[in-house]
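Presented sequentially are two complexes of chain A, the first with chain B as partner and the second with chain C.
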Partner chain A sequence: MLERLRRPWSDHRAEQLLGAVACLLAIGIILMIVFIVRGAWPTFSHLGLSWLGSGGNLDNQVGAMVNTSAHPAASAFAFHAWPLIWGTLLTAGFAVLFGLAISLAAAIFIVDFAPPFVQRTMKPVIRLLAAIPGVLYGLIGILVLVPFIDKHILTTAEQNSVINVIQLSGGGLGVTILLVTLMITPILTALITDALESVPRAWREGAIALGLNPLRATIAVSLRAIRPAIVAATALATARALGEAVVVSMVSGGKAFAPNPLDGKIFFLEPVETLASEIVRQADNLSIPVLHSTLYAIAALLLFSSFALSLASYLIRLPMRRYQVSN
Partner chain B sequence: MNGRAGAVRNRLAPESPAWQNGPLPIEKLDLEAQLMAIAPEQTNTRPRRARAAVTAVERLRLEDVSVFYGNTPAVKNVSLSIRQGEVLALIGPSGCGKTTLLRTLNRLTELTPNASHSGRVLLDGEDTDDIVDTELRRRVSMVFQQPNPFPMSIFDNVGFALREQSRKRPRRRELEPLVDHALQRAGLHDEVRADLNRSALRLSGGQQQRLCIARAIAQEPEILLMDEPCSALDPRSTAVIEDLILQLREDLAIVVVTHNLQQAHRIADRVAFMYLGDLVEAGETEQVFSDPREEQTREYIAGVFG
Partner chain C sequence: MASAQPVDSTRPAPPRRRRHGRRSSLRSWRLRDQITFVLAWTVGLGLCAVAISVVVFFAVEGIQYLRPSLLVTHPSASVSQSGSGGFLDAIEGTVLLGAIGLLIAVPIGVVTAVWVIEYGRPRWLGRIVESTVEIIAGTPDIVIAIFGLALFQLGAFSFLSFSEPGGAFGRSFLTAGAMMSFLAIPPVYTATRNGLIATPRQMREASFALGKTRIATIRRVVLPAVRRDIATGSTLGLARIIGDTAIVILLLGATLRLQSDGALGFLSGTGSSLTSYIYNNSPAGDGNAPDKAYAAAAVLLLLVLVLNWGVGRIGRIGGPPIHAERRLGA
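Now for the complex of A and B:
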């Protein structure tokens, strides 16, 4: 028996095995989609697309669901997910924007400007940062950042000014964005650094020899050449920011409130909840059919947005590949 | 110029005027055979330059230039003058400092962290260290050993430097005549004009190198530095580029680094032989090849070392 296993595999058998693994993966994804859509169906069939809209207090809506029976009436499904969608867009959007700016600058510095020993230290350090479990960031957020903001940044006057609408406690949009940015920046930096390093040195040198200064040469030739990689890395980081649940639920303030940009500084102190963090927050109540379906609907929306993200990244990259060697 | 050099010139280039007569010395008869033995795949040793350049104006002068990597000298006390209307070939064995010297001329050595230099390089009498580096590199352009077109269209490659130089991004219509002109001068226009939006990376190696030349001359530099521009190319592309160099020398001073002696003989008006960082000998091509003053030059040309 062992003797048989040890013999080299024929290409044919290896092909079959690898094919089987790939098929299993595809089946898994399809099953997941089927389950989520089936679970979300009651919600969407009762509310349609108004589910995505705004209206009422989301926390109260969830609270009402907890008390519904096993055979709920259609009115029990009342839920308007807009605060969650808005919260997700805000956190993911700001985090990716900041993260991209920081990691582009960092990658350019590491690859084209840093002295060799800095280069040698920075690269493993960034990979290490990328490997830190997210919950550690959440812990630092809840133990250090939230109390700090509560004590030093948030004033009593600011708290009082919105006391009738919302309770401010330090946790909120600002900390959430900061931590999600911290979480996605290392992996973005690592990916962009790798891409920049793969650019032939001769291109940048050629640009410098044409009279460009080094930074301009990096931007005009190297960055331009790796645009597809930047888009792909951004899509990956966005997916991670969209799906980040634990950290957000730890520091976001615990209220499904839609922060209003017109509030100025308070905007960043207002509590927020994202699609993913709402699922974590309500995970205890899954036995209630209405809430069960609502959470599945949230999951379906997340799944759909990650597909849309992949598709968008692919479509954006298509025209950029026109001048590359392959294709 | 002595009689022997003239005789060799006669023999190698029958179409050149018989401006010198004299007996052909026996030891010189072997020159052509020796040259062939060095690079047997290229049997054409006849100079392509039909006539010597007419207007030789000094553009670049090196005064006692030394270049160091750390404490190691790569180029030692080189003094040389480079003239418009002439092709200067830097020859010498690998690692003798040819490329380093070339890269000193547009201060590209500054990209190497531990490189330093002493002495002066004067561009039209102005010390290049006093010229802003980006400005200097526009006036002293460079073509590399490996063709390095950018991953963009042919048009964008040639217009690259022009676009980067202008404060306001010029419209394509404004750039078109300049790009066309550069492509024509580089002898590439007829081959690519059908579609200037094609990716430059899909051109052949020889076309890519001519594209790099077009890109380098699009901003009308005064000097063109070429670092073994044909070493990655086949003989046919090499011939095209050699012809091109001879046309370009009318408006530009050209410095070509080459390890191909036949090529130096075919295209250069003057030759500088370097060995271990020293400039051993510099002079008229015919004189250096037929009657070198230094023993090292004689041995190198005869294929003894390198």
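Now for the complex of A and C:
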């Protein structure tokens, strides 16, 4: 066997062999869809699209599922995922919005304005921030930020005002958004910085020679040239924000509540649960058939949203192809 | 836009004098631009401040709670923090997961990149593979974990994990490592691909001119040229593997100690990693021993720092890479 490997390969055979390995990845993705949809099928076949809607208390619905038998009746599947979807949209939306603003400013700073020695230190710093495991942010959140908010920002009057509906403890939408933003900003910054650096220097200098100030030149020429890269980076960051499970489950308050923007300041202190964090929270109950199927349905929704993101980013980039610089 | 700087053009031209530095020109900017400029500086330095404070925070907590004995003792179940032992098993778990994940991810990532860049025919298949990697990079780790659970609970894979006559549990180092490889494949692929693109065409043509086949060229010329890119990609992938928690919680069981179940000893047994140890010892988990969580977090952060430093080093070993000139010219 080894002897045969050592002999020179024929080109034809090598191409087929390498191609087969490359296709393994595509097969893996297809298998992923098949297995997750198969696991989710009972839920979707019983509930249809009403599964996505709102209604009832989600925590109670999950609690009822825990007590179901191995051969559940159709009514046992009752589940309305809207609070989770709303929570996911809120956290991911805010985090990406903040993250994009911060990382655009940071990338412009690093590439065009920072003095050389700052530039040299900033790049490893961004790389380090991108590599810090999420659970460390979660630990800071649960041991430092949540108690801090509970003690200094949340007032007793505010707690009492909603005591009949939910209990506020410091953990909630605000901390979740903060931590998820912290987690996706370095990735965004690194990708945008790489793209900005690939813009030919002459383009921007040409704009400056025409009378634009350096900042305007960056915005008008460099940022425009890297629009496809910005879209791709945003799509990746959004996918990360959607799928962040463990950190959210640590600081989100542990209740599937749909925060109401009309509540003012309390809005950011209300507990929230995302699709991904609900899976982590119920991981121990996966052996219960009804809950198993429900969690697979949640995973299927996450999987399809990340597919939709990839597709959307591809479609948005399509008309921009003409002026792009980086691949 | 061009009329934004009328000051110089209306004044009788002074003898060619260079505008000194950035500061004088900044004054002539519009207020909005000045604010944006200051904001860019603030954000840039703010990110540095965040990084420094995270590292300092865990360094302080680590010095406070980390004892050498924690690194070499096994964890045990206990109500008090003093009796719950160290986290040797978690460290072993992290190392084992990283090794298994990389063993699977590096060959697949490199081969895929080589095929896409060097062959890539038929064209449509090459595009599909390229977008597949992009999709994998965007797939949430929790979804990958759920998929792994469904896949490895099949009867055919029961030898990989603890199993009963009723079916397999799907939880073991092998199954978790296999799913971890999904996290590491995108960085390995991207780094290798970028290296291959940057490798000058002349290197390949010189090899062809000597009568080498395409695959011989790849093995003897192209792959050695991108060795460093592969190493960088693998290190980035390793950092993602050791930093992941969701897959460990769902697919490794996050048990206190390494356990040997099933046909393949500890490889098919359950265990924990540093990340799941931290999670379980935070108030969110079952253990609730913040001291231990801080100590483990300091170790994990140190590991990440070393890896990160390694990525920077790899880029500089043995002079500039072969394709450096090409990159400078681009």
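The rule we apply is simple: the second predicted complex is superposed on the first by the 309 of 327 C-alpha atoms of A that agree within 3 Å, B and C clash if a C-alpha of one lies under 4 Å from a C-alpha of the other, contacts with A are read in each partner's own complex, and residues count from 1 in each chain.
To be clear about the criterion, contacts are C-beta pairs under 8 Å (C-beta built on N, C-alpha and C of every residue); 3 or more make two chains touch, one makes a residue touch a chain.
The shown structure was predicted, so the numbers you read here are calculated from the model rather than taken from an experiment.
Of the two partner chains, neither chain B nor chain C is touched by A:Leu97. Judged by the touch definition given at the top, the superposed model places A:Val21 against chain C, while chain B stays out of reach.
By the touch criterion defined above, A:Glu205 reaches chain B but does not reach chain C.
In the superposition on chain A, contact of A:Ala308 is made with neither chain B nor chain C. In the superposition on chain A, contact is made by A:Ala225 with chain B only, not with chain C. With both complexes superposed, C is the one of chain B and chain C in contact with more chain A residues. Contacts of A:Arg216 after superposition on the shared chain: both chain B and chain C are touched.
In the superposition on chain A, contact of A:Val165 is made with neither chain B nor chain C. Comparing the two interfaces of chain A, the one with chain B and the one with chain C have residues 210-214, 216, 220 in common. The touching residues of chain A, counted against chain C in their complex, run 8-11, 14-15, 18-19, 21-26, 28-29, 31-32, 35-36, 38-39, 102, 105-106, 108-110, 113-114, 118, 121-122, 124-129, 131-140, 142-143, 182, 185-186, 189, 198, 210-216, 220, 235-236, 239-240, 242-246, 249-250, 276, 279-280, 283, 286, 295-296, 299, 302-303, 306-307, 309-310, 314, 327. Those residues of chain A that touch chain B in the shared complex are 115-116, 200, 202-203, 205-214, 216, 220-221, 224-225, 322-325.
The part of chain B that touches chain A in the complex is made up of residues 106, 108, 111, 113, 133-138, 141-142, 144, 146, 148, 150-153, 160-161, 164-165, 199-202, 212, 215-216, 219.
Residue ranges of chain C in contact with chain A, taken from their complex: 1-5, 25, 28-29, 33, 36-37, 39-41, 43-44, 47-48, 50-51, 54-55, 57-58, 107-108, 111-112, 114-116, 119, 121, 125, 128-129, 131-144, 146-147, 149-151, 182, 185, 197, 213-216, 218, 236, 239, 242-246, 249-250, 275, 278-279, 282-284, 290, 293-294, 297, 300-301, 304-305, 307-308, 311-312, 330.
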